[in-house]
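Next come two complexes built around subunit A: one with subunit B, the other with subunit C.
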Partner chain A sequence: MKFDHLQILKSGSWVSAFAGAALLGASAAAVSQDFDWKQQNGSSVNALLVSHQFVEALRPLVPEFEEMTGITVNLDVLAEQAANEKLLADLSSRAGTVDVFMTSPLNNWQYATANWLEPLDEFIDNPALTSPDYDVGDFFQGVLNSNRWTRVPMQGIGEGPLWALPINSESYLLAYRPSVFQELGLEVPETYDELLAIADKLDTGSAEFGLITRFDKFWDLPYLTFGTMLQSYGVEMIDADGNLQICSDASVQATDDFVTLIKTASPEGAGAFTWYEALQGFASGQYALSLNEADLFAPVYQDPEQSEVSDDVGYAPTPLGPDGTRKAGAWIWSMSINAASKNKDAAWLFLSWVTSKDTMIAMNLNGNMNPVRASAWESPDVVAMVNSWGETPGQYSDVTATMAEVAAVRFPPHPELTRMLDRWAQAVQEVYFNGTDARTALCEAQDDIGKMFN
Partner chain B sequence: MSARTTYLLLFLPALAMLALALYPFVQGVLTAFSDRKLYYDSSEFIGFRNFIDLFADDEFRDSIFRTLAFTAGVIFVQIPLGLGIALLLLGQSWFRPILRSTLVLPLLIPPVVAGLMWKTMMQPQSGILNWLLSNVGIPPQTWLSHVDTALISVILIDTWVFTPFAALILLAGLQSIPPELDEAARVDGAGALLKFRAIQLPWIVPFIVLVALFRVTDSLKSFELFYATTRGGPLNATRTLHIMAYEEAFRWSSVGKAMAAVFVLWLMSYFISMFLMSKWQRRSGVHNENG
Partner chain C sequence: MKTAKLPESAGRALAQVLFIGFFVFPIIWIFLMSLKNFRDIISYPPKFLFSPTLQNYRETILGAEGTLQAGELPEYVRFLLNSMIISGGAVCLAALLGIPAAYALARGGLPGRKHIAFTFLSFRFAPELMIILPMYLIYTQVGLYDTYAGMILSHQLICLPLVIWIMMSFFQDIPIEIEEAARIDGANILLTLRAVILPISGPGIASAMIIAFIFSWNNLIFGLVLAGPNSRPVTMGILQAMTFDQIKWGLMAAAAMVSAVPGMIAATYLQRHITRGLTMGAVR
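What follows is the complex of A and B.
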C-alpha cells in the first residue's frame, strides 16, 4: 500500500491572493458579448444542491441567468445527507434526471470511479461553449486541481481529468468571544497545550459553556475538524512509507487530548454535535470558544440577524501541535455534471455561469465564502466586507491567509475513504463514551480500515 | 360476461401485481448474495459471504440485539399505556369524545416531523424538557445525546407517536364487550378490578395480540424516527438493523451487504409476525365461537 503524498492546496495559490497580487488573475481575453448565451434557449437544467449558504447566495441570481440564456433552472435543495442519497440513486440508475450537482473531491472519488461524472476540460476548451471571459486561470490552481484525479486509487490527485469546478473553499480556525477572554483574563491559546491548560476556566465567566466543535461519528471528524488537530500533532492517515498512522503515538496523544478538551469544556451532549450544532451553538453566544470549526461560518457569526455574537467575535489560527506544527484540513464544495445528463451543454452553460467571475463575486458578497477565484479577493467590495470581520480590522483575512498556507487534503483518493473515516470517527467516540483506551480503540479501527483497502 | 372472461380480467391484474411485488423482492435477495457496490458496474455472485461477514461482525449482532430491545421496549410500554388510556376513554361522558379526537393527533404527524420536534425538545442545553425538569428540581437528562439514554429516548418518542394507535384498537375491543356481560358483573357486585381481570382483559386478548402484531412488525422495521433523531448514534447506541442497512447502502454504496442485512431483518419480521398471527387467529377463533 503505497501513497504518493500530494499536497493539494499549494500554499501559494491561496496566499498570493491575500497579498493582493494579481499573479493568477490573467486578464479576460475578450468581451462576453461575442458569446452566444442563447444557444440552449428553451432547454432546462435540474440542479441538485445541498442546503448551504452558497444556495442562498445563488438563488436570487438565477432569474438573471434564465433571462440571459432562455434556459429554465430547477433548483432542488435538500439537507446534505438527503441530497447525497437522492444523488446516489440518480447517478447509479443512470436516469440522468439530475444534470448538475453539488459535490466535493471526497465524494467524487467514488462517483468518478463509477464513470458517473462528465469530464469538464473539453467544455472549458471549447470556445463555442465557454464564454471568452471565463478565465479558468483565475481560479486558485491548488483549489481547482483538487478536482482533478486520474482515477487510480491511492494516487493521482491533482492530475488527470477535471471532474468538478470549485464554488467555495473551507478551512478551519478558532472563533472566540473577546469579551469572555478579557473578563477571564485569558489569552487566546496558541498551542493545544495552552488550550488544555485553560479548558476548565472557559466557562467560569459569562459564557455558559467552554468550547464547541462538531463531534459526531462520521468522516468529517478525522477528515476536517479533529483532522486539523490530528495533522498538527503530526498524524496523517498514511505516512510517506505507505503505512497507516491511525494508532500511532501521536494519534493516541491527539485523541486523548481531544477527548479531554471535550470532557472538560463542552456540555453533555457534545458527543452528538454535528457541524450544524457547532455553528448554531457558537452563534447563540453560549460558548467562549469554537475549536477548529469552518472559517466559512464567519458570515453567520457576523450577521446580527443570525447571531448573538456579531459584535463580539474574534478569529485566531488553529493551535500549534506539540512540536510547533500547524496543519489543517480543507473542504472544497464543487459542482459536477452528471455523465448521464441529457442536457450537458445547457448544464455546462449554467455551471460556467455559476463559476464565472461576476457571479462568484456577487455570491461571495452574499455569504458564499471563501472565494475560490483570485479576482474575488481583488474585488474592493469583498475585501471591505471581509476586512470588517473579527476583533480588529483585517483579523479574519489574516487568519484565513495563515490557515491557507497549511490547509490541504492529506488523504489518499479511494472510493472507500468515507467508510474508512467513519470507522476512525467511531474509535474516537468509543474513547469519549465508553472510556476505551485510545490506543486499543484506534488500533482496532486501523485493523478494520486496513482490510477496506482490499 | 362469461365466467372465463371474468377470471381472465381478474387473473391478469393479479399476475401483474404479483410480478410487481415479487420482482423487487427476488432482485433484492439475489443482490444479497452478490458483492454489488453502487460504484462498480459489475458484480459477482459470492454465495453466503455477505451473511458470513455480517454474523462474524460484533456490531451486526449488537444491532440485531438493539432492534429487538427497541421492539420489546415499544411493546411493553405502549400496550399497557394504550390499555390504560382506552379504559379511561371507555364510557359516556361529555369530555371523552374530545379526548378521543385529540388522542389521534400524534398519529397524524409524520414520524420524521415528530422526530425532529422531539429532538429539539430533548436538546440537553436548550430543550424544553430539561427546562421543565429543572423547574421541579430534577437534574438535566442527556436524552438522545448519550449512549446510555439514546435508545430509551427513541422508545419514548415512538411511544408518543404510536400509543394512540394501541389505545384506539384496544378501545374498540373494550367497546365490543357485550353489554349483558357488563350488566351481569354489575349485578354480581364485581368491583372495577375484578371486572377488568375477569371480563375485560380476557375479552380483549385478541385485540392486544393484534396491536402487538402491528407494533412489532413496524418497530422491527422502524427507520424514520431513528433517522430524524440520532441517525444511529451517538456512537452506535441506536444503530438498529434498518439503520445499519441504510448506512451500508447509502453511506458506503455497499448494496450487496445492505440487502443481506435487510434480508435478515425480513426473516426476523416474517417469523415473529407469523408467530403472532397464529396466536391472533387462535384467540379470535375463541371469540367467534363464544360470540
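What follows is the complex of A and C.
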C-alpha cells in the first residue's frame, strides 16, 4: 500500500501540463560533506507567516536552526488576511523588511509579475549555499513545479524560474459519518448522480443536516471546492483553443447540480459558508457529509479535543462526474524570498532548512499536512500516524493517494486570476441566492471576465 | 389622567429594556462565549447552559501550556503592554502638544486659524489607508518601523485632532474676563495658561485624553502595517485567534473581553467628563 501511494505521488499529475519538466537536484549531490551552516552567523531573518498548523509545527524547531547557524529568526505570524495586507505593503514598497514569507502559486503569479520574488534556482544550484543532503529531487515534482512560471500570462506554468518551495499540499475529499450512513442504510456516493439521489435523505437520521461545503463568494469557490466538482464535470476555465468555458453546457449543468445539492441538503444560509463553518460544522457532528473539503482537516476531525466525531469519521474520494471523470483542485502552501530582502543568503539558509527532509518529517508528524516530499511518506512514523485515520485502517492514505492522482492546478497563470474567479463565484452565488438562471448568470460572468484579459 | 400615563411609562420602560438589551447583548454573548470550551461554542443549537471554564482566559493571559520559554511573556500580554505604552504615550504627547495649540487657536490672533484647525481635523477623517504606505516606507528607512516611538508618533494622527478640537471649544467657553483679570494682575500668556486656565480646565483635559485614549486603543491599521512583533498592539492580538482553517472563538472572546476593560473603566467611571467633553461647545 505504502509503495503504491508513493509511486502515485511521485509521478502524480499535480500540474498535469508539465509532466516532463526537467528535474533539478542532481547538481547539489557532488558537494563536500562539511556544509558551512555558520556562514551567516550573526545575521537575522524576518519571516512573515500565515496562522496555520504549519507554523505551530515549525515554531518549536526554530531554536534548533538558530543554534546551528547563529542566525536569529523572527517569526511574525498573522491571520491570513492581515498577513496578506502586511505582505503587500512590504513587497509593493520594496522596503525589504520581510525576508521570507508564506505564499502560494496563485498569489505568486501576481508577485512574480511585479518582480517582487527572488528566483530560487541559483540558490539550489549553489553548493556553497545549499547543504548536499537537500535533495530537491525528493519533492513531488508536480507539487514543486507548480511554483515554476515563465511569467508569460496564460502559459508557462511549470516552466521557468522556481519562485517558491512547497511546504504542504492540500486536495479535496468527502468526509462522512459512518454511523449516519449505516443508520440510514445508505452507501457513500461514488458519483454526483448518486449524491443527488440521496441528498434529501441525509438529514433524516441522527445528523441535523445533510451536507456541508465551503461556498463563499470568493475565488476559492471555483478554484478549490466547487472547482473540484466543476473539473469532474469536464469544465476548465479555458479550453485548449483559449476559449473561456465558464458558461459551457457542462458548467451550467455542474452549477445547477451544485445549487440543487446545497438547497436540498444544507441549512439556510449555506451560500456564505467558509472554511470555518465547514470545518467546525462537520467537527461538531451536525452533518452527515462534508463535500469536497480539504483533506488536511483530517487531523482536526481525528482529534477528540477538537471534534465530536473523532471516532465516527470516514473518508472517500470526491464523486465522479457524469462521464465517470474525477479531477480535483489543489492548494500548495509555499514559501518565497522577497527580492528586496537585504539578507537573502540567510533567508535561503532558513528556507532550505525548513524544507529539508528532516524538518519536513518532524513537522508532518506535528500536524503540517500533507507531506510534499517522498521521503516523508516513507517515514514509518508518518505512515503509522496517517494509517490510523478513517473508518478503516489506511482509509485516509488510500483516499489521498487517489486524489493526488487527479489533483492539479488547472487554471491559466495570470496576475488578475483571483479577481476573475471572484466574478465567477459571484455568478454561482446569484444562482443560489437570487434564483438567477445558471446560464444567464455564468454567461454574464464570462463576458466580464473576458474583458479582464485585455 | 393617571390611567393614561401608566401604559405609556410601561411602554417606555419596555422600550428602554429592549434598547439596553440591543447594546448589551453582544457583550454578554461574547462574555459567555469566553467561558465556553470550543465544543460548546460550535454546538448547535447554541447552548445557554454549560459548565463554564476559565481555560480561555488562562490561555490568553498566561499563554498556551508548554509554548513559553522561561522569562517570556505570553504574546497577548505583550500586546496588551504594547497598547498601554503606545496609547498612553500617544495621549500624553498629544496633550503636551495639543493643549497649547488649542489655546493658541482659541485665543490667539493667528491669521487663518480656522484653516489650521480644520487641517488638524482633517487628520481624523482622511482615510488612514491613504497615508499608510508612504508612512511604512519612511518608517522602514528611518528606523521607526516596529518601535514604540514610531507608533506613538503615528497615533498623533488620531489623538492630536481630538485633543485640539475638544480643548479648543473648551477654552472658548471660558469667559475671557478671567484671563483679562489675570493680565491686569501682570501675568503673561504662559503664566495665564498655566496658573489660571489649566486649573479650571481639568474636566475638559480629562475627557479629551480619555476619548483620545479610547480611539487610539481601538486602532487597528497602524498596528497592522507600522508595527511588527516588538510593538504590536492588542487589537492585532485579538486577530491572532484566527488561524488558516479555524477561528478559536473562545480565545478571541477572552482576548476581546480583556482588551475592552480599559475602555469600559474609562467609559463608566469618567462618563460625566466624557459627555461634558463631547457636548462641550455644542450649545452656545
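The criterion applied here is as follows: the second predicted complex is superposed on the first by the 421 of 454 C-alpha atoms of A that agree within 3 Å, B and C clash if a C-alpha of one lies under 4 Å from a C-alpha of the other, contacts with A are read in each partner's own complex, and residues count from 1 in each chain.
The rule is short, and it goes like this: a residue touches a chain if its C-beta (ideal position, glycine included) is under 8 Å from a C-beta of that chain, and two chains touch if they have at least 3 such contacts.
Fair warning: this is a prediction, and the values are worked out from it, not measured in the lab.
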Does subunit B (first) or subunit C (second) touch A:53, or do both, or does neither? second
Check whether A:92 is in contact with subunit B, with subunit C, with both or with neither, and answer first, second, both or neither. both
First (subunit B), second (subunit C), both or neither touched by A:430: first
Go through the superposed model and pick first if A:419 touches only subunit B, second if only subunit C, both, or neither. first
Between subunit B (first) and subunit C (second), which does A:80 come into contact with in this model arrangement: first, second, both, or neither? second
Touch test for A:39: subunit B only (first), subunit C only (second), both, or neither? neither
Touch test for A:300: subunit B only (first), subunit C only (second), both, or neither? second
Answer with first, second, both or neither: which of subunit B and subunit C does A:387 touch in the superposed model? neither
Using the superposition on chain A described above, determine whether A:271 touches subunit B (first), subunit C (second), both, or neither. first
Subunit A residues where the subunit B and subunit C footprints coincide 85, 92, 208, 284, 286
Subunit C-facing residues of subunit A, complex: 46, 50-53, 59, 74-80, 82, 85-86, 89-90, 92-93, 95-97, 208, 275-276, 279-281, 283-284, 286, 294, 296-297, 300, 306, 308
Hey, which residues of subunit C end up touching subunit A in the complex? 38-39, 42-44, 67, 132-133, 136-137, 140-141, 145, 224-225, 228-229, 236, 239-240, 242-247
Residue numbers of subunit B touching subunit A in their complex, please. 37-41, 123-126, 140, 142-147, 230-236, 250-254
Can you list the residues on subunit A that touch subunit B in the complex? 81, 84-85, 88, 92, 110-111, 113-116, 208-209, 216-217, 267-272, 284, 286, 415-416, 418-419, 422, 426, 429-430, 433-434
